[in-house]
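We just call them A, B, C and D in the order they show up, numbering each chain from 1.
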Amino acid sequence: MRTIALRDALREALHEEMDRDDSVFVIGEDVIAHGGPYTVTQGIVDKWPDRIFETPIAEAGIVGLGVGAALAGMRPVVEIMYVDFITCAMDEVVNQAAKMRYMTGGQASVPIVIRLPCGPARLVAAQHSQIMESWFMHVPGLQVVAPSTPYDAKGLMKTAIRSPDPVAFFEYKALYVSEGEVPEDDYVIPFGKADIKRDGEDVTVVAIGGMVPRALEAGIALEDEGYDIEVVDPRTLAPLDMETICESVRRTGRAVVCEMDSSFAGTGAEIAAALAEQCFHDLRAPIVRVGSPHVPMPFAEELVNVTVPDSAAVCGAVRKVMA
Amino acid sequence: MRTIALRDALREALHEEMDRDDSVFVIGEDVIAHGGPYTVTQGIVDKWPDRIFETPIAEAGIVGLGVGAALAGMRPVVEIMYVDFITCAMDEVVNQAAKMRYMTGGQASVPIVIRLPCGPARLVAAQHSQIMESWFMHVPGLQVVAPSTPYDAKGLMKTAIRSPDPVAFFEYKALYVSEGEVPEDDYVIPFGKADIKRDGEDVTVVAIGGMVPRALEAGIALEDEGYDIEVVDPRTLAPLDMETICESVRRTGRAVVCEMDSSFAGTGAEIAAALAEQCFHDLRAPIVRVGSPHVPMPFAEELVNVTVPDSAAVCGAVRKVMA
Amino acid sequence: MTLNADLSRRIYTDMWRIRLFEEEALRQTSLGTVKGTLHTYCGEEAIAVAICAHLRDDDYVLGTHRSHGHCLAKGAPMDRMMAELFGRATGSCRAKGGSMHIADFSRNILGANGIVAGGIGPGTGTALASRIRKSDQVSVVFFGDGAAARGPFHEGLLFGSLWKLPVIYVCENNGYQQWVPRKNVAVVDSVADMAASYAIPGVSVDGQDLEAVYEAAGEAVDRARRGEGPTLIEARTYRFYGHSLGDMEEYRSREEVDDWRENRDPIKLFSAWMKERQWLGDDEDEAIRAGAAAEVAKSVAYAEESPLPDPEDVLTDVLDTEWRVSA
Amino acid sequence: MTLNADLSRRIYTDMWRIRLFEEEALRQTSLGTVKGTLHTYCGEEAIAVAICAHLRDDDYVLGTHRSHGHCLAKGAPMDRMMAELFGRATGSCRAKGGSMHIADFSRNILGANGIVAGGIGPGTGTALASRIRKSDQVSVVFFGDGAAARGPFHEGLLFGSLWKLPVIYVCENNGYQQWVPRKNVAVVDSVADMAASYAIPGVSVDGQDLEAVYEAAGEAVDRARRGEGPTLIEARTYRFYGHSLGDMEEYRSREEVDDWRENRDPIKLFSAWMKERQWLGDDEDEAIRAGAAAEVAKSVAYAEESPLPDPEDVLTDVLDTEWRVSA
């Protein structure tokens, strides 16, 4: 099968869905020029000049318009240049998009996809490096997606666009150029289905988004030490497939939960807490969380390197639960 | 000692601190008229007419101005009428207030207190009933406070105002009129010190904010069943006093974590995950979380009643961990 | 559409329907049957009815926290609205929204909104949908004078203008923002003047004068439908009751309120206007009022007879759980 | 303060300091010694220097993502700035901020800002602090033309006007917002015209003409210091380099850039203006340039010799950990 980069997989999903459904359109800053900083929206203006909107810098407006268009039956795909800027539009996300179906007693459907490029990449410091998936998980009415491979990215983006409810779609900037096999045809990946990215017997390593490749690297490194880890990628954080995660932990008896974000009140907290509730009697060691320390992203490379967890951090955690 | 309501304790703290320090001032919507919907800022305009600012409806502006005033050495106490509206100002909270000290390498100090009335009270439905403490916990650089008694409210508000760093101060609307003993003199409660609100031997019930009285009620109800619960109130969620919580769990061997908010990726997730890491070998039963289901707040009383966890829910969880 | 006798009577009827619906709702709250909060539109009725008179069923309306009037004027069934206020399973929002989130999608009423200025972006977005679909549906967003302070007002109008979207921004300037007089917290008197920053027409009209609102709205709707872009209409008005339940109204004088009720009641003014034209007789007037009162009474009966929501319903309508993705 | 020979030469020196600092920073990024992103101010120097010439040390300045110029003009030490770009422990922000968050609180430079319009609210807040303390410090907030689209611009100016705060809003309108020409996404040509919505003076000046900016700024600063409230100054300008590193500049023509560099370079224009007045000789001109170049070279040396940050520092400066509450 052909191998393409994650950003190309996203672009392909977008093109296919725009082709398939006239109600899909794109809106965001710089989405025409270059197809955005990540080139994900490239080529759309040529094929569908009336279905791509390059905007002023006004995130609250952008998301607000998206919500309204979705209420009227369209399927907006909104690009927020950096997830950090979604802080400018949280009312629109939380009070408008997420709650509308509920508040109207099921009358409203808000099929909006909000693309949130996230995480560290290059040295852009504290206001351009956040992740914050856990915020969105905590909001009832939102679906939260965080693909780690080009294959998942394409399949999940297509599902996101077809979903009748709002989706916060996290794109790890560090993964945009990572490559993987992606079918050329139409396929979708259902929400709420975790994927076992590596089979193993000793420890279940739940890894989110950008941590998946690092966990897989750790898996190879740990082979030499005789540890055989299983890497589970939840792929969607809401809905969260605790069933698959628990099933794995029941087999291995040990769990490490890895996220790139600060782990304090982060995504891993929910997974670890749920494991502690649901797999208590199967656990043979405390669950260990891997994440960044609870600090904003610094600027200098030397500081960033000790902030963002790497495969060595995963290895350390595995050793700890095996000890 | 005299007994006063929680909102009166907050008002007293505010008056005392304004008296003590000229740099303290109040800003928010309707803060002069009536002293705001909760009367917390009543009386200030009479004593310090130049240090209270009643604003247009513009939360991003309000918090933005607060951040700037704090950078310039003032100590703003910002009232956001309902925590739900802080979604309109999250950039100001996260990217400006919380990160400023770090981004400037320690040059900046942002001593702002953001008062966030929260939680269900009367029937005001989905856009006026949120809590969302976990969002703020997840943001490095913020301190998160959630008092459950008038005594704690006064002491923690005074600490918040004196803190050199930003504070998200959660005020459970349902507790405003709850009464308790409050000294007339100046006292402060340090951040990061949990308080054991009830001693017990069988189960550690960690209860947050509005859940504390409900957990105490449960404590009385459970006596008849022969269960002696300990109720630990973290009081501040960031910093979070895991030491006291763990110490209690090590004694009881059982833990229930209660929050009024949805527990999915909520505050309790962090506490439960940390317990699972730190007290694994002491736990004799799975940790159980009590919280609302993962839904927006509905309108009708019959629906609200099954959404907001009550003392019966706490009792149920205790029975579960004792089973 | 000109304001003929027939249309005027229909509009006039709607004004009474709104007035009496809300006064009944207030009465019910004092009885404890309607719970939660209520923001009444009494005194402002001319605006919603004059504007909605120009709208088609498929045009979109987005409201505020004060939207009973917008809903009734756009055609939402009154019985389901009353049932919603009563918190019954038959309510417009199945008892999940209440007064502040009342909506009726069958009439393209996309919802009241508890967030000040919360509808402005979405209402611009529904207009964007019309534009993309090349339909000629227009969108109307109502908001208070307080909303003009918020960023989303500014951003929404910018987008509306930039893409010449078919949207009408209707600012109901009642001079107060909760308990604060607008003059204490605003720097320009007229919200309409702010239209200049967005290069769209801004018109300020007397919101108690039905004809004036009707004409401004007609132009704006036509303009939008022709694809010429948005208009900002400011309607100067007044609310007769407190901001919401329990308002002690210390911020305004009894005299001021009485003066408006006496001399600037849009219902009285429109009744007199029609009578001048011989479009309404005293009997007819009374019959219209009585008809509205009867409809309100029926809506209360409907609500009272309706079942309470099933507690299990609390878990539904968060997401569309029927939906399954398919390739 | 009038623009005499002495002051002009000082201002002129600052323009060169900014230009050469940034061109060196660009060179260093191509060497890989400066990492991260860089938004250069080259071409816009007249604005920062003309405005800061009116400011006292204790006046506040808040910047944008493009703030090297604001910092240097307000007096930030160049060596520590260069060290920050190099990511060294001696940097203005101890290597935690980088170009986008550069700040020097010793000169009341409260920080560049990676959020478009992010400084407008806070800069209005520093002015509120002056007002409460009854000090006569003024605040200056710089922002790009793109920022005028965002809600916080609107909300900030409203507050500034409402309370007549001592703040000057300086919009550096360079005609582009990242890769998008302003004309594609704006509905009014002049940002200054938007001042009307906030009932404050709005002036539009040629940002390449130092004297014009200097005069507008003088009036605005005086007005603010006298307690008469804010001014919105729009300075029309142009950036000579791409938006940030790696910009392929497909959105504008080489000719356009060349034309500005050739005919509208603020440094050239100001040099000529001084020479016309006999305030600057060719030798002096060259000496000023050389002096600035030497300072830049020294700043590079300083940065190169400075230690890298200690990895353990990553954990400090989140909160003030020294602080203990006391009754």
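Methods note: a residue touches a chain if its C-beta (ideal position, glycine included) is under 8 Å from a C-beta of that chain, and two chains touch if they have at least 3 such contacts.
Keep in mind that what you see is a predicted model, and the values were worked out from it rather than measured.
Novice: Tally the contacting C-beta pairs at the A-C interface and at the B-C interface, and name the larger one.
Specialist: Pair with more contacting C-beta pairs, A-C versus B-C: A-C.
Novice: Taking each chain's centre as the mean of its CA atoms, which one is farthest from the centre of chain A?
Specialist: C
Novice: Round to the nearest whole Å and give the separation of the Cα centres of chain C and chain D.
Specialist: Centres of chain C and chain D (C-alpha means) sit 46 Å apart.
Novice: Can you work out the whole-Å distance between the CA centroids of chain A and chain C?
Specialist: Measuring from centre to centre gives 40 Å for this pair.
Novice: Which whole number of Å gives the spacing of the CA centres of chain A and chain B?
Specialist: Chain centroid spacing, chain A to chain B, equals 30 Å.
Novice: Roughly how far is chain B from chain C, going centre to centre by Cα mean, in whole Å?
Specialist: The mean C-alpha positions of chain B and chain C differ by 36 Å.
Novice: Spell out, as numbers or ranges, the residues of chain C touching 2 or more other chains.
Specialist: In chain C, the residues touching two or more other chains are 93, 95-97, 101, 113-115, 118, 149-152, 155, 158, 162, 185-186, 318.
Novice: For chain A, write out the residues touching at least two other chains, lowest number first.
Specialist: Within chain A, the residues that touch at least two other chains are 55-56, 58, 60-61, 84-85, 88, 91, 95, 102-103, 125-127, 140-141, 294-296, 298.
Novice: What does chain D use to touch chain B in their complex?
Specialist: Per the touch definition, chain D meets chain B at residues 60, 62, 91-97, 101, 103-105, 110-111, 113-115, 118, 120-130, 132-133, 139, 151-152, 155-156, 158-159, 162-163, 316-320, 323-327.
Novice: Hey, which residues of chain A end up touching chain B in the complex?
Specialist: My answer: residues 60, 84-85, 87-88, 90-91, 93-95, 98-99, 102-103, 125-127, 130, 132, 134-135, 137-138, 140-141, 238, 261-262, 264-270, 272-278, 280-281, 283, 285-289, 294-296, 298.
Novice: Flag every residue of chain C that touches chain B in the complex, lowest number first.
Specialist: 35-37, 84, 87-88, 93, 95-98, 100-101, 113-118, 146-147, 149-152, 177-180, 184-186, 248, 250-251, 308-309, 311, 313-315, 318
Novice: Which bits of chain B are touching chain D when the two form their complex?
Specialist: Residues of chain B touching chain D: 23, 25, 50-51, 53, 55-56, 58, 60-61, 63-74, 76, 91-92, 95-96, 100-109, 140-141, 143, 159, 162-165, 186-188, 190-191.
Novice: Can you list the chain B residues touching chain C in their complex?
Specialist: Contact set of chain B toward chain C: 29-30, 32-34, 54-61, 84-85, 88, 122-128, 293-296, 298-303, 305-307.
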